[in-house]
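Worksheet: the structure to be examined is printed underneath.
Note that the chains take the letters A, B, C and D in the order they are written out, and that residue 1 is the start of every chain.
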Amino acid sequence: MEKRQEQERRALPDVYIDDILMSLKYFTDEQELHLAIIDEAVCQACENQPCIDFCPVGAYRPQDGRTVQIAVQSCIECGTCRVLCPYLNVSWKNPRGGFGVAYKFG
Amino acid sequence: MTESRLQYDVIIIGAGMAGSTAAAITARHGLKTALIERGQKPGGKNYFGGALYTHALLDIYPDFFEYRPPLERPVTESGFWFLSNDGVVKATVQGGKMANEPIDAYIALRAEFDAWWAQQAQQEGAFLIPKTLVVDVIREDGRVIGVQTDRPQGDVYAPVVIIAEGVNNLLTQKLGLIDHDIKPASAALAVKQLVSIPAKDINARLGLPDNEHGMAISVIGDVSMGMPGLGFLYTCTKALSLGVGVTLDALQETQIKPYELLQRYLEHPVIAPIIADGQLMEYGAHLIPEGGWKDMPRLYTDGALVAGDAASMVNALHWEGTNMAIVAGKQAALTVVEAHEKGDFSANTLSSYHSRLKETFVMKDLRQYRKMSRFLGTHPDFMDIYPAFLNDAMGMFFTGFGKPKRRLYRDILRSLTSRRPIVKVVGDLLSFGRAVMGM
Amino acid sequence: MTRRFWVFLEQTSGVLHPVAGELLGVACRLTTEIADELEEAGEEAIVEGVLVGHEVTDLAQQAMQFGAARVYVVDNPSCKHYLNRPYTEVLTTLVRKYKPEVFLIGATTLGRDLAGAVATSLGTGLTADCTRLEMGTARKSPKKLLLATRPAFGGNVIATIVCDDRQPQMATVRPRVFDMPPCATQVSGEVIHETVEITPDMLAAEVVEVIADEASRVDIEYADVIVSGGKGLGNPEGFQLIKELADELGGVVGASRAAVDGGWISYPHQVGQTGKTVRPKLYIAAGISGAIQHKVGMQDSDFILAINSDPNAPIFEVATVGIVGDLYDVIPTMIETLRARKGAAA
Amino acid sequence: MIHQLVSVKQVPDTTNIRIDPETGSLIRKGVPAILNPYDAHAVAAAAEWKQKLGGRITIITMGPSAAEDALRECIEMGADRGILISDRKFAGSDTLATSYVLAEAIRAIHAEDPLDLVLFGKQAIDGDTAQVGPGAAVRLGWPLVTYAVKIREIDPDTGYTLVERRTEAGVEVIKTPLPSVLTCEKEIAEIPYASLPQLIASLQYEPERWTAEEPVAYDTAQIGLKGSPTWVAKTGTPEQHQPGETIDVSEAGVKRAVEDVIDKMLANNSVVSILEG
């Protein structure tokens, strides 16, 4: 995409996503994780690690340099990571029935 | 195990707009209906702008408004706000056709509305099974004869299954109705904050006379930072829904964090005062299938039908999806009823779902707008240059006092051509027109 | 007539729980709030303590130092270790005999176990976990009543509760909610020994074993320095950094409910409405947004430092000083700086 | 075979409760009613022991009609019978009156089908009082074990149970005769994931309804407002503190911000007393 510089764009603000996530209700499944990285080595070799940016709840977090970790308990099951991971390295399924995000308003 | 197996006339997967509508209709026709929902309650997994369209609701329940549905405000003002980086040009409509009763659209919150919508299906006789995830279909001789859930002893049987599983259509894919997962170019990620603001402040800030008036606004320009996408603003009774949707491929490319994009929108000098002192009630995000026509799966197979987001039934330009889901849910249900009458659930019989849909606006619109998402993907400037120009132009026009008007017009034109050569402008307009008309 | 204000003197293994001192201080203040009524009616008010256990009479002296004018002691081998039924029996019997007007009990594990049982036995009202106590008028009561204020609904609401037609008016108060009163050196007071019969059927439940448990031993209520972490740590490992800072400051580790609910750290570390109330001299909140339910548990600390990358986080509303920034930058720098300064001083 | 009873409460989910800035009252919208989480774990514990020893689980709850959902959730976890004790006459009951209502119901159930164990959650998340369980135990005259974290053993033959409870000092192991009353922490048991037939049975379950007259004839002087010695004199929102100053790292730099803050801390008498003392 061609970037235009002539008009100064407002910068992106820093957002502390964890505080925003306090507004959400989750039923956390203590026994089963519905989301996982298939092969950690693939993430370590991934150049841009776009998941750290595109995940709308910031569930993908850099860990010790190049490792990526998933904070599964904050996942809202949108599916973006499954679609956008450049190496399709995410094992994605829905949480077990009743678990996961429970929107109060929607 | 000698326990009798769980047998229904029809299983519907997902208690969203399409699923609960289908369940209401099949149950109304006397079919033993199981409506399976993975959330704690229907609506618990759903997140949208947004507005519901009266025509579709009334089609299912002609006396809909008498049931006291949990709706927020009616949409009495609608249109576009074109944001530059520090200003706005508004083009909205109110009064006139917008004021005709019944009002065409109502703002709603899905957690509450979907729960209520599913309750109506239960009243019709459908059996709602919440907190249960369907993980696969059960097949016999290639025909779908039931579903497998994630619970122990979790198989449920029916000669026909309506899949209304939503945008992440994993079952639809498993069934082979579509041969690929969602593509980055044909889905948008929408993020939204619901911000609580006293009703009187909403009315004062947005110029609404009372709580019985509301706005549905598409926001174009600065909000998407040049990505193909839109912002939105909807007025609930005591809260505002503000969000941004951008296509996944753009998101991937720009490496912008969606929640930062949203926050930037909320901090826009035009938006910030509207939500001043508001309290965050809920944040959320959802994918919107925007592939439309070209990403539509096959809609039926032996013993199964697909409806709603799972079948990519969304018109991205007009923010339509819930109404398409309702119409499709109804048509799928009528197809199932017909199949039961015939006692035949083969793809051949179920194909009438497709022909029924073709008679509705759903297929007509999806076909007409089939080129729209491609257009926006290939014309990112549309979201950026024109809104900025519009702000510039209007700004110059209304501050150009004491300036020779000929120079003013020349400046305005220059403001456009400096952004984009005039030939390209004409080209943009033409291809936009073609995309809308479906040519 | 004498209006009696009672405090339950909780002790374990012959050690008086500090909350007993705090409540004696409160009871003394409450009696001063009815001074006008007393004068008018020619009555007196007296603060008294109730001590139950075995070979604990010595503790009565301590209670007097904190303001008890009289201490009732029930010394019985059956009461050596706390058990609900014998203790309930003892307190119920004494209350019936002396008819106190107000009865305060610490909202410790023991106190909460006991208070509900005693109040029910007596058929009187009990307000749990009060954060404010005062004597005042309510409804048509001719006399001032105990106005017991407590948070409800996760701290979002505070409610003032009264009990007007039954006595005693009972309340439990969590440790550290009130200040410890000054400790007098010269005291005069009276010890009254009481006997209450404990029958074998009251001892049907027995403690057969006590397992000292690391998780239970976290004593954050009386710590001078607490460094707490919340969801903003991003992961459970973040608590190692919190621990490092706490160690540097000679403090202990606390946590927000979100971090505890997430399973990142055990419940005894939890500060807030459903955890512990703390009033350390220094409280550092790192990566804690500051939900009301957390703030009610720590807002009375002497000095609160909040570290959070969101400038709008509600925790800043109660902070003495706030740092807006990434805690993973701030805390290591802080540890380093503290060490450097210590080195320079040495 | 044992007969266990769990007393549960339906509560607003307080984790996300908010106050209407205009009226100062609780906003109920978007605040779902849930089974009190501690009670849910108590039911789960009962279900575990029913699996081990066989028998029945009876659930009671006092509340409005909507509390039927809480009972269904208990049936889903493995309970056999759910009783909703509901009557306008109970409105306004405080913890004393509530413990009376529940204890009398438990007594009636016990008379018909003797109980071995009665479980409560340690407290309800809306009121956090932790008084009803102990109150009911006193009224029944049965031994009470609060803050139970584990049921080690239930022996219907000898008539005893071994229960671990958490205190500030550690874990106490209590041996107590049956029937006893336990109030439970969440650790007492994991919530089970019901089978589909069990879930469906719970969805179709119609709880029994008891009133203030039937089958237990309650003494009207002991229920509702009349039977409640405590009443709420006033409610309000917590006071706002005066916010202190904030230093922004992005402006001051980490080093400066930290130095500044440490200086401020050391300027504070009570902090300096511990840091240097």
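The rule is simple: contacts are C-beta pairs under 8 Å (C-beta built on N, C-alpha and C of every residue); 3 or more make two chains touch, one makes a residue touch a chain.
Remember, it's a predicted structure, so these values are computed and weren't measured experimentally.
C-beta contact counts were set side by side for A-D and C-D; C-D has more. Between subunit A and subunit D the centroid-to-centroid distance comes to 34 Å (mean Cα coordinates, whole Å).
Subunit D has its Cα centroid 21 Å from the Cα centroid of subunit C.
Look at where the CA atoms of subunit A average out and do the same for subunit C: the two points lie 41 Å apart. Note on chain placement: the centre of subunit B and the centre of subunit C lie 52 Å apart, centres being C-alpha means. Residue positions 15, 18, 30, 32, 193, 250 of subunit D each touch two or more of the other chains. In subunit B, the positions touching at least two other chains are 41, 111-112, 130-132, 149, 151, 281-282. Counting partner chains per residue, subunit C has no residue touching two or more of them.
Inter-chain contacts occur between A-B, A-C, A-D, B-D, C-D. Only residues 14-16, 18-19, 21-22, 28, 30, 61, 63, 69, 71, 73 of subunit A touch subunit C when the two sit together in their complex.
Across the interface of their complex, subunit A is touched by residues 231-232, 234-235, 258, 261-263, 287, 289, 291, 308-310, 313 of subunit C. Note for the complex: subunit D touches subunit C at residues 12, 14-15, 17-19, 26, 94-96, 99, 125-139, 143-147, 162, 164, 166-177, 180, 228-238, 240-241, 243-250, 254-255, 257-259, 261-262, 264-265, 268, 270-271, 273-275.
The part of subunit B that touches subunit A in the complex is made up of residues 38-41, 43-48, 85-86, 109-114, 130-133, 135, 149-151, 167-168, 170, 181-184, 187, 189, 191, 193-194, 222, 225-227, 239, 248, 250-261, 263-264, 267-268, 280-287, 380-381, 384-385, 388, 418-419. Note for the complex: subunit D touches subunit A at residues 13, 15-16, 30-32, 190, 193, 250.
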